[in-house]
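Here come two complexes built around subunit A, the first alongside subunit B, the second alongside subunit C.
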Partner chain A sequence: MPSLGADMEAGTLVEWLKRPGDHVKRGDVVAVVETQKGAIEVDIFEDGVIERWLVEPGTTVPVGTPLALIGDGEPAAAVPAPEAAAPAAAAERAAPPAPVQQPPVPALEPEPPARRPRASPAARRLAAEQRIALDELTGSGPDGAIVRSDVERAAAGVAQRSTAPKRLDLGEMRRAIAAAMARSKREIPHYYLSTTIDLTRALAWLEGANATRPPAQRLLLAALLLKAVARALGQAPEFNGFFTTEGFQPGAGIHVGTAIAIRGGGLVAPAIHETEKLSLDELMVRLRDLVARARSGALRSSELSDPTITVTNLGERGVETVFGVIYPPQVALVGFGAPVQRPWAAGGEIAVRRVLTATLAADHRASDGHRGALFLADIDRRLQNPEAL
Partner chain B sequence: MTEGVREITYRDAVREAIRGALLTDPRVFLMGEDVGRYGGCYAVTKGLLDEFGPERIRDTPLSESAFVGAGIGAALGGMRPIVEIMTVNFSLLALDQIVNNAATIRHMSGGQFAVPLVIRMATGAGRQLAAQHSHSLEGWYAHIPGLKVVTPATLEDARFMLAAALADPNPVLIFEHVMLYNRSGVLPSGIGTVDIDSAVVRRPGTHVTLLTYGGTLFKTLDAAEVLAKDGIEAEVIDLRVLRPLDAETVLASVGKTRHAVIIDEGWRSGSLSAEISARIMEGAFWDLDAPVGRVCSAEVPIPYPHHLEEAALPQPAAIVAVAKATLGG
Partner chain C sequence: MTRDDVTAVLIDELGRIAPEIDATGIDPDADLREELDIDSMDFLNLVAALHERLDLDIPEIDYPNLATLGHAVDYLAQRLGAAA
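So, the complex of A and B:
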């Protein structure tokens, strides 16, 4: 059972999406678990063959409990059931590992040539018409092939999911946020830095870039801010990672968590994997997709377990300054307020400029104010060269 | 045809068909080995010699090439001969006449001469006649342009396909499966003709299409009954005409069920079942939910011992198993 947040203690297995004997590769969605953040699709971290399930759907098990045995396809020795205090050997073979105990693995490396899912021609045609990804379906046909009825079911499911966001339990989510934030304030010695950034160049560049884009593809300032943070993190690794019992562990990649408010209350901050490597257009696509899925409760486990830092953008709410609370076990949170018009001294004159307040809340166990200041300044510098983002 | 409903055998239906043809068209005559005094190897022509005399019911020497050639000549000369070759096994001796002459003369003469010849022959295994007398080679003949190949499986087809074949201006081969002669049933009244162009749905269904003809039709219908008990509704199609194939009926059914299994007593390699499978690939690939399945005879000379012969031939249990496998069961 993956840890999908610092204070998640247990999860309920809702359904298996693969069957024993199925080949899986890293990134495949294998199961759905019910958590405080709603129903989450669990993607797998290892390549291999599912040997057998260790947990039945409907069962609630503690974080870290092996859910399945992944082997190399060879017959494996019998392994005790999880109730018998899962032995270390089983835990090692089990997937996915809890990221708190183990550095998270970047889940979106360039994938090897994808295994073509075994699907019937009729299923392929319907899937193409309905824009359903075959590699996310489980087949019920010959040799586990995906057949037309599987696609029909998936099409019905997609419709249901998008119209029924009741997979989210807001009460549970509030309790999870309460636990995580209480732990943050109890354990993390925060320090706070603030700087004001002149947005003139960034906004002018955005206006130019959007002039030729259709409305659905326009870039938002949020994408520029995320990209600037991700790029700056490349030079400031002590803000990108986790603080564990072993001390600070740098993240294996830059996976910026983006705080997304849930209608009706609540909050999730799922990761955009490898943020610094995405073009602004790609970043916008991912951001829009993430917001939509977060609000319908259709996030993936790696998106919840992998963020190495959180960015909160409260500008839309009209506030100027964010005093962030770090989401443990992360070590930093960057906050952005609203772009506002202010008298601004530039080139020896006073002019009216659009400016924005950027803040850093950071874990003093992992970094010091000096490095934090350089980090914030670097974000500012990058926003002055938006064309380089 | 007498009035009303009555029970007859397939053998009786074929005999009535021949009798009917002899009675209605003076150009029709029957010839073959033992068709006269002996009454036919499968007793199909019993009594016809007495009724119609040796001019029209002609016993021939044991030379398939000679009497099929004589039949072709008679057809060219304006007659409507029915040539009986005792079984498909012996038709190999007449292959040259059938393939090189009957099938090509219309073409070779630039359309000047037609060959309105009907050749009937028994086909198939199941009577413990061993490897040399148990062939199902109708698929070979279905390979040849210029021939029409029909396989009556039901009583009404046995009774009425002959008239349609005689009406055809080109050679028609009728294959009668040896295991069908003793099948009895009620010949529906009110039917006077059948076509020799189309396949027929013998049992409607929605989940899988079972394609067959001739001797395996009833095994396939039995298999469909078994499948129905498991909630699988199989559509059974009797191909009836092996050349030209009624691809339209086949593709319409497969397009609906998305699954197809072909049941053919012929061997699978280079066979009619392979041809049907290819037609489905060409015409219904994007409708398929599974590879086309086949139940054919084991690729061995058909054995003599009863249990081995049964094991070598398509049987309902195998049809059920392949149909279920196609459906992922």
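So, the complex of A and C:
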């Protein structure tokens, strides 16, 4: 059972998506587990053949419990891994799951925007109470909208299926956030830095790039900001990783967690794996897919366990400055405010420029303010040269 | 396509983005981003959906014309009329 957050203690296996005897590759989704963050798809972190299940659907087990036995496919190897390989295998299990292999990303053909089901407010409320996923229902209302009676029929059916996936439970999510943030404020000695970045060049470049693109291929400022942070992290490894009982552990890659607000309350910050290696177009495709899946409660386990830092774009909501709370065991959070027009001195003259406040909340056990200042300055520098992102 | 058709398409697409709200009850003068709590990704998805359904390119520079339901209907109806 993978750990999908600092305060996750247990999870419930909902269903197996593969069968014993099936060949699996790293990154394949093999199971669905129910957690405080909704139903999560578990992707596997090693290649092999599924020999047998160790946990039955409907069972709740503590984090760290082996869920399945993966072998190399040889009939004689029905026993767990050979002795020589055992320490390595055990070490691998104890480590956070390795980054998944991502499917090839089309460079210029983003997936169509995810459709959220149409439903009446009464249907939506009932579905939330009964933990029924609206996108699995067929609506009988106007234009196929889901109405209350559709949910009632589904609820009657679900009552007989004890292991039905529950998708997002906002109450549970709130409890998970409460536990993680309380731990953060209890344990992490935060320090905070803030800088104002002139975004004129970045926005002009973005507007120029988008002017010739159809809407489905346009870039958002968020993609530039994520890329600038990821690139800067390459020079500032002390902000990318985890603080554990052993002290600071640098992340194995740069997996930027992106805070995504959930309609109705709550948020989740799943990872975009190897953010620094993605082109802006690839980053947009991934971001779009991640936002849609976060909001429908269909994230993968590696996306929740792997973020090595979090970026939040609260500027979306008009605020100018974000004072971040670090998500443990991460050691830093970068917050971006809204781009605003301000009088700005440049080249000895005052002009109206579009600027944005970038903040860093960082763990003083892992880094010092001096390094934090260099990190923020590097993000600024990269945003002055958007065509290189 | 009539003005009512444009309104229907817009309300339908807004309903997909913010399914929990009653899209037929949106105040035509309210800021859509605030009224529906939609972010820039939602807004981009809306523009992409309108582009596809109405076969109408909406440049970024025109986004301010989509700030409220009333303005958006005016803008889209005018653009479609001009294109016809």
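The criterion applied here is as follows: the second predicted complex is superposed on the first by the 297 of 389 C-alpha atoms of A that agree within 3 Å, B and C clash if a C-alpha of one lies under 4 Å from a C-alpha of the other, contacts with A are read in each partner's own complex, and residues count from 1 in each chain.
Assume contacts are C-beta pairs under 8 Å (C-beta built on N, C-alpha and C of every residue); 3 or more make two chains touch, one makes a residue touch a chain.
No experiment lies behind these values; they were computed from the predicted model shown.
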- Message: For the overlaid complexes, name the partner, subunit B or subunit C, with more touching residues on subunit A.
- Response: C
- Task: Answer with first, second, both or neither: which of subunit B and subunit C does A:Thr200 touch in the superposed model?
- Result: neither
- Message: Quick check on the superposed pair: does A:Thr12 touch subunit B, subunit C, both, or neither? Answer first, second, both or neither.
- Response: neither
- Message: One more residue to check, A:Val147. First (subunit B), second (subunit C), both or neither?
- Response: first
- Message: Which partner chains sit in contact with A:Thr59 here, subunit B, subunit C, both or neither? Use first/second/both/neither.
- Response: neither
- Of the two partner chains, subunit B (first) and subunit C (second), which one does A:Pro215 touch, if any: first, second, both, or neither? second
- Using the superposition on A, tell me which residues of subunit A are in contact with subunit B and, in the other complex, with subunit C. 120-121, 124, 143, 145
- Listed in rising order, the residues of subunit B that touch subunit A in the complex are 258, 285-291, 325-328
- Message: Under the stated contact criterion, what part of subunit A meets subunit C in this complex?
- Response: 112-121, 124, 134, 143, 145, 207, 210-211, 214-216, 218, 220-222, 261, 263-264, 287-288, 291, 316-317
- Can you check the complex and tell me which residues of subunit C touch subunit A? 12, 15-22, 37, 39-41, 44-45, 47-52, 57-61
- Message: Looking at the complex, which residues from subunit A come into contact with subunit B?
- Response: 120-125, 139-143, 145, 147-149
